[in-house]
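Please read the structure below before turning to the comments.
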Amino acid sequence: MMHKTELTVGQNVTGQALTVPVYQFTGNQPDAPTLYIQSSVHGAEVQGNLVCHYLLMAFQKLADEGALLGNITIVPYANPIGMNAKSVDYTSGRFDPVTGTNWNRQYHDFNGDYATLATAYKALSPEAIKASFCETLRTSLAEKIARPEGLTTGQGMVMRLQQMAIEADLVLDLHTGPRSARHLYAAAYAEDSARALHIDDIIIMPNGFDGALDEACFVPWWSLSLALADEGITFDHGIEAFTVELGSQEQIDSDDAAEHCEGILNWLMLKGVVAADCQNPTDRAPNNGPKYGVPLEDYITLYAPVGGLAEYLVAPGQTFQKGDCLARILKAENIGTDQAFHAVIAPADGRLILHFDSASLYQGAELCKFTKIA
Amino acid sequence: MMHKTELTVGQNVTGQALTVPVYQFTGNQPDAPTLYIQSSVHGAEVQGNLVCHYLLMAFQKLADEGALLGNITIVPYANPIGMNAKSVDYTSGRFDPVTGTNWNRQYHDFNGDYATLATAYKALSPEAIKASFCETLRTSLAEKIARPEGLTTGQGMVMRLQQMAIEADLVLDLHTGPRSARHLYAAAYAEDSARALHIDDIIIMPNGFDGALDEACFVPWWSLSLALADEGITFDHGIEAFTVELGSQEQIDSDDAAEHCEGILNWLMLKGVVAADCQNPTDRAPNNGPKYGVPLEDYITLYAPVGGLAEYLVAPGQTFQKGDCLARILKAENIGTDQAFHAVIAPADGRLILHFDSASLYQGAELCKFTKIA
Amino acid sequence: MMHKTELTVGQNVTGQALTVPVYQFTGNQPDAPTLYIQSSVHGAEVQGNLVCHYLLMAFQKLADEGALLGNITIVPYANPIGMNAKSVDYTSGRFDPVTGTNWNRQYHDFNGDYATLATAYKALSPEAIKASFCETLRTSLAEKIARPEGLTTGQGMVMRLQQMAIEADLVLDLHTGPRSARHLYAAAYAEDSARALHIDDIIIMPNGFDGALDEACFVPWWSLSLALADEGITFDHGIEAFTVELGSQEQIDSDDAAEHCEGILNWLMLKGVVAADCQNPTDRAPNNGPKYGVPLEDYITLYAPVGGLAEYLVAPGQTFQKGDCLARILKAENIGTDQAFHAVIAPADGRLILHFDSASLYQGAELCKFTKIA
Amino acid sequence: MMHKTELTVGQNVTGQALTVPVYQFTGNQPDAPTLYIQSSVHGAEVQGNLVCHYLLMAFQKLADEGALLGNITIVPYANPIGMNAKSVDYTSGRFDPVTGTNWNRQYHDFNGDYATLATAYKALSPEAIKASFCETLRTSLAEKIARPEGLTTGQGMVMRLQQMAIEADLVLDLHTGPRSARHLYAAAYAEDSARALHIDDIIIMPNGFDGALDEACFVPWWSLSLALADEGITFDHGIEAFTVELGSQEQIDSDDAAEHCEGILNWLMLKGVVAADCQNPTDRAPNNGPKYGVPLEDYITLYAPVGGLAEYLVAPGQTFQKGDCLARILKAENIGTDQAFHAVIAPADGRLILHFDSASLYQGAELCKFTKIA
């Protein structure tokens, strides 16, 4: 059965509690992996809420059928400040309007002494290691939240989300790009598993913390497993955490959401969170097309070389060749002449993942991002 | 020959002059009608600048061929504050960020005593009336600009544009909607002429001033002609001023700009600003499709009945029937249930002209606008 | 006894009801005038909320003492969107961030046919006129709120406040200026009564509607009384509605709030809302200083003649003479020279009421406002 | 003689170059230390521009008198985007409105291999080390600026400022706090020298890079000198770089600027940039009061424990004791009761350096910052 509660993550000027809805399901197999999904930590990236709606519908059906194995927590609408921050038509919910801090760079960094921990854990069973380290993470986070000087607005919000996320084996943080193809970020060790989500483009991340939820979830476990490997112990923690970029911001689309749900359920079947035969295979998109996975260092940003108005010539999801014109920028100072456009040329073969969500660019705006392909 | 100057329309905090580029052409027939075009008084509505680029290219070619008859003034990039006002990816350039005032509601209102003027003009020739009234408008505007207490930032900008516009017979103010089909606003007396612009949807405006440039240009002349009609005199002033909504904001598109240029040149041929045979007719889109013209009172706005995330189901430019679902709004409080969507039903047969440029809506956001059709 | 409820005035993107707190007291004399006070319709103007806090404390004490005669409704925190709209440190809550519309220009305009009403009311008693006209206003407003196409976000909010305000005889809308002296706006007929509020500077308003709450409350009654006067009938409606500017925005101050409470209670004693002897006279500030009242046309705005950084030389509340330097603007283009400052000279004798709340000015920013004094 | 040029640091949407003014003086002693000062990298922090104006006046006089020894570069109005970013009355110029990145956290990090450099420099003279390392920094920065994918808008701006700053021995980056007392940040090794600036409160910084200009200037030299010390070599680089917080944002004040100029000239006399006797000592404020210097770890931020409206009870610059009430926050949910205020109690003896520049607080807003005193 679906259980809904409201979690308070802050308080506004007029005294209202800032709350996020928390939907929980109890699986029927206590040992099955557990799942945490959240959406819209960036306020303009709303498609994930629609995906959550369809997932909630699906999980209720699965629960009715006895096919829900692991415990599940879903937190859509995870950023009540960001989602309500309108600026003219748009939603300026990418960063705290007071501090400028990206909402998705404020998670607690458990920056532990992994070597010492590995030594201490050496003699323990994998289950005991997992339980002990999870308690260590939990305590570290709780202490940060309770520190006497208080937390920033953003920390107060996202660290309470993090408290739920660190309890799960599997974590999805649903985002979107600006004008964007579907893609996701996965830790190098989890790339193969991420393929089950049926998203063509994968950015493969090294071990390191830059403040985002996926990193906050997988970096401690990966780091611990590396330290244990130095002690000669193979530790399979089973933790996977992906930032999934569902497409473009500022829009919702039910057909697109249905495809994302299908991919997520496929992954959950493989991981044993839902029963493996719970979906009619004929309903599933085959996703047999080409797969693209590139290391983070081959995920390249091009910054606007001049100020002006961009006409984007390659769409997100398209493959291009070195020398192709990705966009041309109309230069105000040259209009009415044949020097009006500045061409932005692809410096390598690649796939366009996303571009800026407006024609209007200052010099240095993040024009587009692409993955280099061999 | 194209002549370019920079007109100062304000000054910013750091002392830079705020300037707009002014492109001018002298026609080869002194009596031909004159033209004024501007674009981007709303900063996010940038397609007009690309249209201006292609028009400048076309006018230079026409001038070379001796086919440019009337004087022409083109002012792209007309709002240097609004166009540079970025907010996250977007451009928050619809209103002055200090005062909230819509940039396109700040033109000077010549609110003259038309009855007295008509009496005074009774005995004059049409040419003399035109010259005298134009001087009256010019003086009224100059006095407003020079008033001792100063002007607001927005007035200081747009009234200097207005000084150029009131000198022309034909005026186009190039805008766009948010997510929008092409449409234009025309004074009732000029609807037939506006058809030459090859835009299907026309909103027909009554005589009255609400602060926009088209009104600032046509209302005084229309009012004067009505007052002269009361005196039994038919006065054909020849003034036409249209606000043209080229499509959607935050984007530029060359194919689309080419079609708009074709329409504008077609209108200019009919009005005698450029030679009637200057375009190869086979290049022209026929535009023989249905035409829609509705009075302003049948141009209806629907406001979001609830807060939430809208999935727009009817695209701008589409015709629908009473009872169709125009959009459905995902209600956060109901997700995971079959009550998750609030359907917005068409209250009449119509054509969808535009919708909000984001899924994210407070209750009362301008969800969409449509024209009622009989 | 104080009775608190929450009134829903909108809904945000994440489905939360936007609510305002409503505090009500029932007086012990049914015929006593009734009072409505609200604060912070402009989100940065927060001092009124503190004044409301102290008023609520005072009214509870008066109620306990049997000194509360009329019914009272207090709505602090009246704009939940505007008060929570932070931008860096500040509060950008002066206008709807989506539309730019000033929150305090969206009240319903009852634009009735007063001559016809006066004819219809001719034979009625003052009480009957009052009851009938109040019902007419109530119906007009309710119909506007229920119109099929919906209301804008701002209308949806302020018209629900207006529904409470039009039920009261006495209305205070608590605002502040930017960097400002205390002042208030009063209809010409109510200037003497307004003096009881112990605020030195009064702007005297003509009859006319520009969208604000005070006008929405007094214009219909004033207009009706003028129409009745044309019929030879003197109609004393007893309605007073003032916009009170408590001082500067973005700050609260308890000492200052105590003085404002004292003035408000003094006015309420004179009007018979609270018992005339309910305050210890020795507690009261005498307010025997000079009083300034000027017609709206003598309340002058000076716009920044150049862009730059203003050093304000005359403080709000100070009297100055023609020729005094009110401010000097540091011009970036001239620094390091003795032409660095542009002096802004007083064009007349006056009192400085307020100035812009930042040194940084575009040309045309509202530099300061002053009242001309004879 | 003062030499003024304009440096281009970017380009906006409408094609205008974003420029900053650069004022330069050539001293009459080639070996004298050189000075670089900039102001307003944060757009709302404008007082430094007025200080620059008075410094420019002073330096011209000193140059005329032959008292200007070292070369000087002054860059006021250093952020043309941030200074022009108005939001209602205020200036939202603390971070890039597109990315949210703090303008003062984008300088290039020369993150060199100091141990290897120290080995290579071992045999060189101090002058040769300085010249070589300066060239190394210069090259590293130039390469970053020229990288093929381009720079962000903020990097493009501040790294061009950094190119001037790294050429100077002495660097001042003029900022202000929100509502703030004067204070400055100094590297631990330069605390004594910083005292000459006549600012009571000094925050003493450890060696490390967090993106600000002062760090970008002193960290490489400090790091190199530490590495050379490991080699047994004492290297006195003579580099000093301070972030000076002149007081509060959004305002300029000539009296205050005069005091800051006096302090800056005092420091420059001690460092030999201007002649030691160039000022009449009797003109100088003695600044014999108490001095406060605390390590960065004792500079404490308190975050708003609840949302609400703050009444600040201790002013910037005031000393307080543990247990004092620094501010009280009016809680909307409790007004009209004696639980209306939440008291914020000082957790230690200290000096209040700054507080938030608005009463209106979300939970987690940076309420105030103080230094702990023993």
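Order of writing sets the labels: A, B, C and D. Residues in every chain begin at 1.
Just so we're on the same page, contacts are C-beta pairs under 8 Å (C-beta built on N, C-alpha and C of every residue); 3 or more make two chains touch, one makes a residue touch a chain.
Just so you know, these numbers come straight off a predicted model, no measurement behind them.
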{"item": "Longest centre-to-centre distance from chain D, chain (CA-based)", "value": "B"}
{"item": "Which of A-B and A-C has more C-beta contact pairs", "value": "A-B"}
{"item": "Averaged-CA centre spacing for the pair chain C and chain A, given as whole angstrom", "value": "47"}
{"item": "Centroid spacing, where centroids are CA-atom means, of chain A and chain B in whole angstrom", "value": "42"}
{"item": "Of all residues in chain B, the ones touching two or more other chains", "value": "12-16, 77, 83-84, 86-89, 91, 94-95, 98, 100, 309, 332, 360, 362"}
{"item": "Touching residues on chain B, where the partner in the complex is chain A", "value": "2, 4, 21, 23, 43-44, 46, 49-50, 52-53, 56-57, 60, 76-77, 83-84, 86-92, 94-95, 178, 250-254, 309-311, 330, 332, 335-336, 340, 356-360, 362"}
{"item": "Chain D residues touching chain B - in the complex, by the definition given at the top", "value": "12-16, 19, 77, 80, 83-84, 86-89, 91, 97-98, 100"}
{"item": "Residue ranges of chain D touching chain A (in the complex, touch as defined)", "value": "10-16, 18, 81, 94-96, 98-102, 148-156, 300-309, 331-333, 347, 360-366"}
